[in-house]
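In order of appearance the chains are A, B and C, and numbering begins at 1 in each one.
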Amino acid sequence: MKKNTILQLKGIRKRFGETTVLSGIDLSIEEGEFITLLGSSGCGKTTTLRIIAGLETPDSGQVILDGADITALEPNKRPVNTVFQNYALFPYMTVADNIGYGLKIRKVPKPDIAAKVEEMLQLVQLEGYGSRMPGQLSGGQRQRVAIARAVVNEPKVLLLDEPLGALDLKLRRQMQLELKRLQKKLGTTFIYITHDQEEAINMSDRIAVMHQGVLEQAGAPNEVYYHPKTSYVANFVGSANILREGNAAYAIRTENVLMNGEPECTREAAVLEKSFAGGQLRILFQLRDGQRITASRYGLDADIREGGACRIGWRPEHAVEVLDDGQ
Amino acid sequence: MKTKKWPFAYVGIITAITYIPILLTVVYSFNASKISSVWGGFSLEWYRELFRDRDLGEALVNSLILAFLSCLSAAVVGTTGALGMYRWKSRLNDAVAMVSMLPIMIPEIILGMVFLSVFSLMNLPFGMLTLVIAHTAFCIPYVYSMVSTRLVGMDKSLEEAALDLGASPFRVFWDVTFPTILPGILSGVMLAFAMSFDDVVISIFVTGSKVNTLPVKIYTKLKTGVTPEVNALAAVMLAVTIALIAASAAVGNWTNRSERRQIKSQEKENV
Amino acid sequence: MGNKSSPKTRPPWLLLAPMYAFTILFVALPILYMFLLSFLTRAEVWGVEFQFTLANYKRILEPLYLDTFLESFRLALISTALVALIGYPYGYFMAKMSPAWKKRMLLLIMIPFWTSALIRLYGWIIVFRSNGVLDSLLMGLHITGEPLKLLYTYPAVVVGMVYALLPFMILAVYSSAEKMDWSLVEAARDLGASSRLAFWTVTFKMTLPGLLSGVVLTFIPSMGLFFIADLLGGNKIVLVGSVIQEQLTKGRNQPFAAALSAVLMVLTVLMIRLYRRITGASKLEGLV
């Protein structure tokens, strides 16, 4: 199933003074896709988003939206809308005025705006909240208003800059599902930014992992997870062990590290540390050559003691060769 | 830590002392005796005299016109200046901003002296024009710094959000920037108005012989002798001041209450 | 990451022009002219002759004017010390009050501040005048037998100065104490400091910018407030400000007035630079 390309980034470069933020980003995004730009802070994902929105101009490269080069187009003239990290709701306008702002700018007749706003409030489950001020809303509600305010303009691409970052874990999980549902319903292309790999895996059709201004790998979640191309991706998405042997580097997921018993357990290792976090027991081993390997298991495992020794190993297919970028 | 009573007592006593001279002028404005130390019974004589005094009335009008014009020009110059310097940062801007603050940092007498000598060099006729220029000079810093503070504290993403939603740069200014800086402009202008309306030192030097401001007039009256009508004037001005402050406090209280209501409803939702 | 926007390449001259023009034309150039003027000669009848001289500065060193400077300095020193002693605790206590009380106190401070300075001075004239309120009170209580005749004395001028300048100190100290993180004091107490030691090692240091800003805002102006010396001190107390005013109006000697102003200006700038050196702050606390 081949879909239309809605947005294309070609060789985007950007420097702020002495620091290079983006060194040549190439990315094609399909219509109706939910794509996530994933990376730690300072990797250039927000700058990429701001360049798509027009809030930043690239030093070189092109932004092509629906076949048209919009690189030099002003942000207010782009059919693209953004959900800002801190929501950026106008504090002195009501919820309804906030949502209707973009329509008012485009001189849509007042009754139509009111109808559209009502529809949006329903969509984000905030019926009856139209006359409230943003200050009277909770974080999750503000989040929904910010989404409604962007979506109402029917943008060709919706940009979301870590929109769930300020919410607590429980609410975040709930909003992840809601956002995904909303995206399916609207069929709009979503470009989503996060530093949370779990969130990215949960929501996205495709994940683009960024690191130090470079797009390391773009692909479906399971592709990125099981077949990382670089050691950085392997480490960042699901925290894999990187084992270096000779000139090659291999990524081994912690849950795939076998301990005792299994025939693959051929390597002598010292148990350095045991810790328990998030329902998982994590055991840190040190191999004879000094490299460290972490294994993870659900539940508590009493057999292995800190300071002891044991044999560990993994199935050959679980050691994925990756490009070593020193991470 | 336990709350102690004596800090309150200290603050209370000092505050009370600062009110003594003000209250005395009010009390003595109703004194029938011309000699201020003797209580000669209740009288409204000085108020009658005050309202008959054409010179004082004229001086009051002059002071109001002066304060209005200086605040207006300071509002324009200070606001555009703050906006311009926020948009474009440079060393030159910092230097200009620093020099523009000088009028409220150096002693007033220097400013008065400077303006007197420059205006006479330029052969400007002393009067309302020279007064407005001099007052604008010390009004600008109040507006400029209040507006700058608002701009620095402004959430930049609000402007970006408006732009993102299709607003032209002019619309962005009108819908986002202006409402943000408006409280700064207003409080700067209010402060500037008070300073202009109260200024003696600078006005004395640039007022010339034809135009008198109220403070200059009061100063000459006080220098020449005892005039109990100044008591009446003091009482009237105090009443106006308190009324204005009470009005602005009432407005403030009203907004506070609605804010509090907002917070309360928010709390309810979070429960 | 929001403020990473690229700087605008073209300065918004339309917005900057009024501020630049006014500041250069009516602040910078006039002040420069003052310095120039201080080296010029007074014309015989009226105005200034463009002839370079150091006579104006030499004249300041004459005993008569040197004494005025020293006298002004002494008065400024006494007033500033009193203002600091009274105003610092006031601002400090105010910052520790509940938000509602803070608002009330600010309002109470602002009311006299917004009433005409002259009228407030007039109130003190009523108090100090011979057989005035203070005399009547003291004699009525049989503390003194005869009128003290406090008006037109040094103490009366000091009271007037302290009264006029106190709000500046209070607001400066308050604004720096307001911003203070009080958990630092708790941390000091937790680490074993007595409340006195905690005050001197933490609170005082953190509020020092406010105190020093108050000193700057009090000390220099008190040398120029000639009308206070005039109304409460009669002709007995002559400040630098009074001399400047006299030279400009009666003496018609602009160059000499400019030289006096220039000295005062240099002192002001030095004090502000000293303030910046000590506190590292660029703005005076509580100025606006």
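FYI, contacts are C-beta pairs under 8 Å (C-beta built on N, C-alpha and C of every residue); 3 or more make two chains touch, one makes a residue touch a chain.
Model, not experiment: these values are computed from the prediction.
> Find the chain most remote from chain B, comparing centres computed as mean CA coordinates.
Chain centre farthest from chain B's centre: A.
> Using the touch rule stated at the top, which two chains are linked by the largest number of C-beta contacts?
Top-ranked chain pair by contact count is B-C.
> Which chain is in the middle, if each chain's centre is the mean of its C-alpha atoms?
B
> Measuring centre to centre with CA averages, how many angstrom lie between chain B and chain C?
17
> Using mean CA coordinates as chain centres, what's the chain A-chain C distance in Å?
Computed value for the inter-centroid distance: 57 Å.
> Distance between chain A and chain B based on Cα centroids, please, to the nearest Å.
The answer is 52 Å.
> Pull out every residue in chain A that's touching 2 or more other chains.
If we look for residues of chain A contacting two or more partner chains, we find 55, 85-86.
> Identify all positions of chain C at which a residue touches two or more other chains, and write them in rising order.
2, 5
> What residues in chain B touch two or more of the other chains?
Each of 157, 160 in chain B touches at least two other chains.
> Applying the document's contact rule, which stretches of chain B touch chain C when the two form their complex?
Where chain B meets chain C, its residues are 7-8, 10-11, 14-15, 18-25, 28, 36-37, 76-78, 80-81, 83-85, 87-90, 93, 96, 99-100, 102-110, 113-118, 120-121, 133, 136-137, 140-142, 144-146, 156-157, 160, 188, 191, 194, 197-198, 200-201, 204-205, 214-215, 218-219, 222-223, 230-231, 233-234, 237-238, 241-242, 244-245, 249.
> Residues of chain A touching chain B in their complex?
The contact residues of chain A facing chain B are 53-55, 74-77, 80-82, 84-86, 88-90, 92, 101-102, 105-106, 133, 135-138, 141, 149-150, 153.
> Using the touch rule from the top, collect the residues of chain B that touch chain A in their complex.
155, 157-158, 160-169, 171-172, 175-176, 179, 259, 262, 265-266, 269-270
> Which chain C residues qualify as touching chain B in the complex?
Per the touch definition, chain C meets chain B at residues 2-3, 5, 7-8, 10-16, 18-20, 22-24, 26-31, 33-34, 37, 47-48, 86, 89-90, 93-94, 96, 105, 107-127, 129, 131-133, 135-136, 163, 166, 220-221, 223-227, 230-231, 240-241, 244-245, 248, 254, 257-258, 261, 264-265, 268, 272, 284, 287-288.
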